[in-house]
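Please find one structure pasted underneath; my questions will follow.
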Amino acid sequence: MRKITYRDALREALIEEMHRDASVFLLGEDIGKYWGGAFKVTDGLAQEFGEERVRDTPISESAIVGTAVGAAITGMRPVAEIMFGDLTALAMDQIANQAAKIRYMFGAQAKCPMVVRTPFGAGVNIASHHSQSLEAWFMHVPGLYVAVPSTPFDAKGLLKTAIRGDNPVLLCEHKLLYPLEGEVPQDDYTVPFGVADVKREGSDVTVVAVLFMVHKALNAAKELEKDGAISVEVVDPRTLTPLDRRGIIKSVKKTGRIVIVTEDCRTAGVSAEIAAVVAEEALDYLDAPVKRVAEPDTPIPFSPPLEKYVIPDEKSIIKAVKEVV
Amino acid sequence: MTTDLPKEKLVEMYQKMLQIRGFEEKLFELYSQNLVPGTIHLYAGEEAVAVGVCSSLRKEDYITSTHRGHGHCIAKGADLKRTMAEILGKKTGYCKGKGGSMHIADFSIGMLGATAVVGAGLPIAVGAGLSVKLRKTDQIVACFFGEGASNQGTFHESLNMASIWKLPVVFVCENNLYAMGTRQSIAMNIENIADRAVAYGIPGVSVDGNDVLAVYETACKASERARGGEGPTLIECKTYRHRGHSRVDPARYRPKDEVAEWLSKDPIKRFRDKLLRFGVVEGEIQAVEKEVSLQIEEAVRFAMESPYPQPEEALEDVYA
Amino acid sequence: MRKITYRDALREALIEEMHRDASVFLLGEDIGKYWGGAFKVTDGLAQEFGEERVRDTPISESAIVGTAVGAAITGMRPVAEIMFGDLTALAMDQIANQAAKIRYMFGAQAKCPMVVRTPFGAGVNIASHHSQSLEAWFMHVPGLYVAVPSTPFDAKGLLKTAIRGDNPVLLCEHKLLYPLEGEVPQDDYTVPFGVADVKREGSDVTVVAVLFMVHKALNAAKELEKDGAISVEVVDPRTLTPLDRRGIIKSVKKTGRIVIVTEDCRTAGVSAEIAAVVAEEALDYLDAPVKRVAEPDTPIPFSPPLEKYVIPDEKSIIKAVKEVV
Amino acid sequence: MTTDLPKEKLVEMYQKMLQIRGFEEKLFELYSQNLVPGTIHLYAGEEAVAVGVCSSLRKEDYITSTHRGHGHCIAKGADLKRTMAEILGKKTGYCKGKGGSMHIADFSIGMLGATAVVGAGLPIAVGAGLSVKLRKTDQIVACFFGEGASNQGTFHESLNMASIWKLPVVFVCENNLYAMGTRQSIAMNIENIADRAVAYGIPGVSVDGNDVLAVYETACKASERARGGEGPTLIECKTYRHRGHSRVDPARYRPKDEVAEWLSKDPIKRFRDKLLRFGVVEGEIQAVEKEVSLQIEEAVRFAMESPYPQPEEALEDVYA
């Protein structure tokens, strides 16, 4: 199968959906013809679809998302880009209090089919305001879906599902994934929400990982196989809401052990919820304590040795796995 | 002052104002009897704004609303019964009891709902305007908010965005002089909210918000401008709420003579006098008044007799 | 000992600290002489300390918190009030990206001693935009402390600690607690951060609860004692950051069972973190799965029967306890 | 144009401008050699703004800054060595390597730090102003931000708050015509950001931001007003960045002739010519230029030779 990058996979999804459905349009800062998005995901789209449908906005995160909400409840399917995930903080009210609640508050009179795309993640030395992973905030917002594609295939398929669905979705991308290549079919396909993907089968320990951490987990798994002959199963939830609890538990029942690897800071992060699910629903199958591998509870520092120190890596995953096996 | 409006339109406007007033006064009563859960923010005294603006709209046009939303809802044409039922938390209410007073909505008439986060409705109105533009219909959007809301960041971002994209949005600032207990002069250093339009390169107009015809005419101009693709307008309607901020507020922060002065400018009383001068006869007016009071009674009866939702319904409608 | 309300305890803390330290001042919407705070916590304070130090603000949540940040890093000790906890969403950037990170980003050049007080919680039928419990968002913000007083004693003591400390603190209050009476000493005292309080000793099961849920847990404990002779230990963390993990684990080691009761919605909530801590650090002591009692993943509905249905109550706590014992 | 300023002050201003330019050009070079981690937003071309404004301030006055903050830092009097070390991620940097280019700060000279969230510095400046007022010192605060930031909600909320409380804040909008690739006209429907002052009842002034003396004089007036307790001013400085938005941006969205025109208005070149006309002799100017280039070399050497922080230091400084 042909290989394309995560960035191109996202772009293809946008292009195909915009061709398929005239109600899909894009808005965000510098997504248009002069820049094509800070990470170039929308490069060329303004040229292809015009500036009405690929809309450069002022620096007004709150109004970007709010505008998407207003458009969504009146028949459109907006895809908003927030240039950096950290900046979702500026739009938190529109995301969590408006987009996510509008259907419920109004007794299902409205639907709010919109997507907010945003890149999370550290690793490029751009410090505390441009490097966070904040998925957990949004898992704690009923009414919102949260997708976390780790491969080009998932990126395209999940974004299509997000656009076609009738609910607001936060699509979490990752800065380091954009250049990553992977197989993506030419034909139209979608990836369903709420279905975890076993990215690698194994029998000794379940490693649940999201976004860029999936790849570090896969590397670690390879290493561990060679090394101490530990067989690691890598499970990628692909969406955090809905969370495929059954899929995760199924794997834990098989392996009896779980290590959860996420890039957000440890306390009250994504891994906390997954750990809690296991502690509630699969405790009897556990042969060892649950392990979380995550960033320590600090902001992301700038200097390369500091940043490297806080981001979970293969070594920390291997160490955690060895501790539970 | 004269008017070119047909008598039927005038009477209809009067009727709507009466409906709002009657509805609010009845709610006040029900609240005192412990029949209204939560809190309510009454619109009494500001009827000329909602009715003046909504009378300039078509059915398919949109409005967005606030915590003080019953008036907007009724002015846009919502059913009194279902509005009342919602505020009482009943299953027959517009939002099946999930929303209540602060989240009233009727999408079937373009009433896109009330948000209780002050200022949060503005970007949503901008989005509705953008939607209209992209769908190429000739709808417009009226966006209601208070003078207090005009200090929120969303006000700024929204007016700017609507301006650069020339969206068909009419921003209607209901300047009732107070945001809870905070007088306008404490919260901003200008007299007229309309002056803020300068910052976005759009027209800003202040109007007597207790004169329904003045509001109507101003709104018509703004609506035409919007429908004509010329972009948004900021209208400031100077008005006053008759009661406290919310049901429990005695509003002691308002000087007595200020209250008295504004009560004497009651928009309903003023419009009634005008109607007589325009040749509507007393009997006709009284007939409307009677009809409205029956409508309110009916709404109350409907709401009171309606069942509450089943507890488990709380779990429904989170996702589509 | 004299009894005063939670509201008065908070007010006393503010008054005493303002007398003690001229750098303490208050700002927020309608906290001044015309209203005294939506929940009357600051009633009379403008009269006592003047409008300079008890400052009514415009409706500008983001600037309220941002102003507090700017004042804090230049020598003052602001206490900001956000009228409803749901509205912290509007100030999320200033809380999470500015206040919490300013010390770290600037290499400890600054300190940011400020408090944001805000009421969370449902139960008074004011629907989706005025009823949430969002503590979990803030637990996921390194650099910020999160206090959750459940009694008048804790309210006064924790608020004093918050004001005197050199870090930003979110003080989570609860609407239903304001009228609650409890013993509060006349003398000056503080309650330390990071020290859980065993609100009731017991031996069969640990119930960790926060804010208003502490009281429901205590009621349930009484019921259970009568009823089936189950002895419940109720642990109140009092601060979520820092979290007294040792205190919680100590209790779990004793009882072998844990039920976590919080009023936030279940997924990725406060209870997830506590469950994760136990699953990581005390798994071997558990005789039963971890249990979470929390709100379902819905916005808070308005109508009384609906709202009542989603808020955890004594019955749901008793049920959960019985399931694990 | 003449000036009453003593020659030393003029030369000092020239020196600061040169320091900024030299610093930025050197950084550009280091970046190309892969010696600068992350990204950088260069200030070259806008020196007259930072220097004009900061020259009107006292040491104990405060400034807040942005992602494009090196210039503000240097103009306020920061040490070139520690600034450079920070941008290179070294332990000897102002923030011990934790902040980097986008979070540079020097609290010892009242430089309250750069925030990389566009617009987030404005309320912080307001807070510093409020602090001054409550502590009853005679400090003032200069708050730098771009024209793009003026579309953020925080701009609106902050100017409003500073106005009602008459805080000693000078809001300095660096209008360099672009926010990343977005031209001002795409993002707002007005020509002069200064016009937005009307919405807050405060003075708004537009000034040639490439003329350091014009900026200085405007800033002096605003600073006096602030120090005198009369409240904030909004100053808009029309300027232009010589390079792309950030280091990797070729800035193809800018018309060539526009770039050429602005390059011809280089604030340093213009000020140099003026200095000569004011009677500063060529030799004196060259001496300054030489000195500055040595300072830059020294800063680079210091930064390059400084150690990186130890990895575990990442865990420090989260709480006080």
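The chains carry the letters A, B, C and D, assigned in the order they are written, with residues numbered from 1 in each.
Keep this in mind: a contact is a pair of C-beta atoms (placed from the backbone, for glycine too) under 8 Å apart; a residue touches a chain by one contact, two chains touch by 3 or more.
Just so it is clear, the model here is predicted, and its values are computed rather than measured.
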| item | value |
| --- | --- |
| Chain labels contacting chain A and also chain D | B, C |
| Label of the chain whose CA centroid is most distant from the centroid of chain A | B |
| Chain A and chain C: spacing of chain centres that average the CA atoms, whole Å | 30 |
| Centre-to-centre distance between chain D and chain C (centres being mean Cα positions), rounded to whole Å | 40 |
| For chain B paired with chain C, centre-to-centre distance based on mean C-alpha positions, whole Å | 36 |
| Centre-of-Cα separation between chain D and chain B, whole angstrom | 45 |
| Shared-contact residues (touching 2 or more other chains) in chain C | 57-58, 60, 62-63, 86-87, 89-90, 93, 97, 104-105, 127-129, 142-143, 296-299, 301 |
| For chain B, residues that touch 2 or more chains besides their own | 95, 97-99, 103, 115, 117, 151-154, 157, 160, 164, 186-188, 318 |
| Pairwise touch network: line, ring, star, complete, or other | complete |
| Residue numbers on chain C that touch chain B, as the complex places them | 29-30, 34-35, 38, 56-60, 62-63, 86-87, 89-90, 124-130, 296-299, 301-310 |
| For the chain B and chain C complex, residues of the former touching the latter | 37-39, 89-90, 95, 97-103, 115-119, 148-149, 151-153, 179-183, 186-188, 253, 308-315, 318 |
| Chain A contact footprint on chain B (complex, rising order) | 62, 64, 93-99, 103, 105-108, 112-113, 115, 117, 120, 122-135, 153-154, 157-158, 160-161, 164-165, 316-320 |
| Chain C to chain A touching residues, read off their complex | 86-87, 89-90, 92-93, 96-97, 100-101, 104-105, 127-129, 134, 136-137, 139-140, 142-143, 241, 243, 264-265, 267-273, 275-276, 278-281, 283-284, 286, 288-292, 296-299, 301 |
| Residue ranges of chain B touching chain D (in the complex, touch as defined) | 151-157, 160, 163-164, 186-190, 195-196, 198-202 |
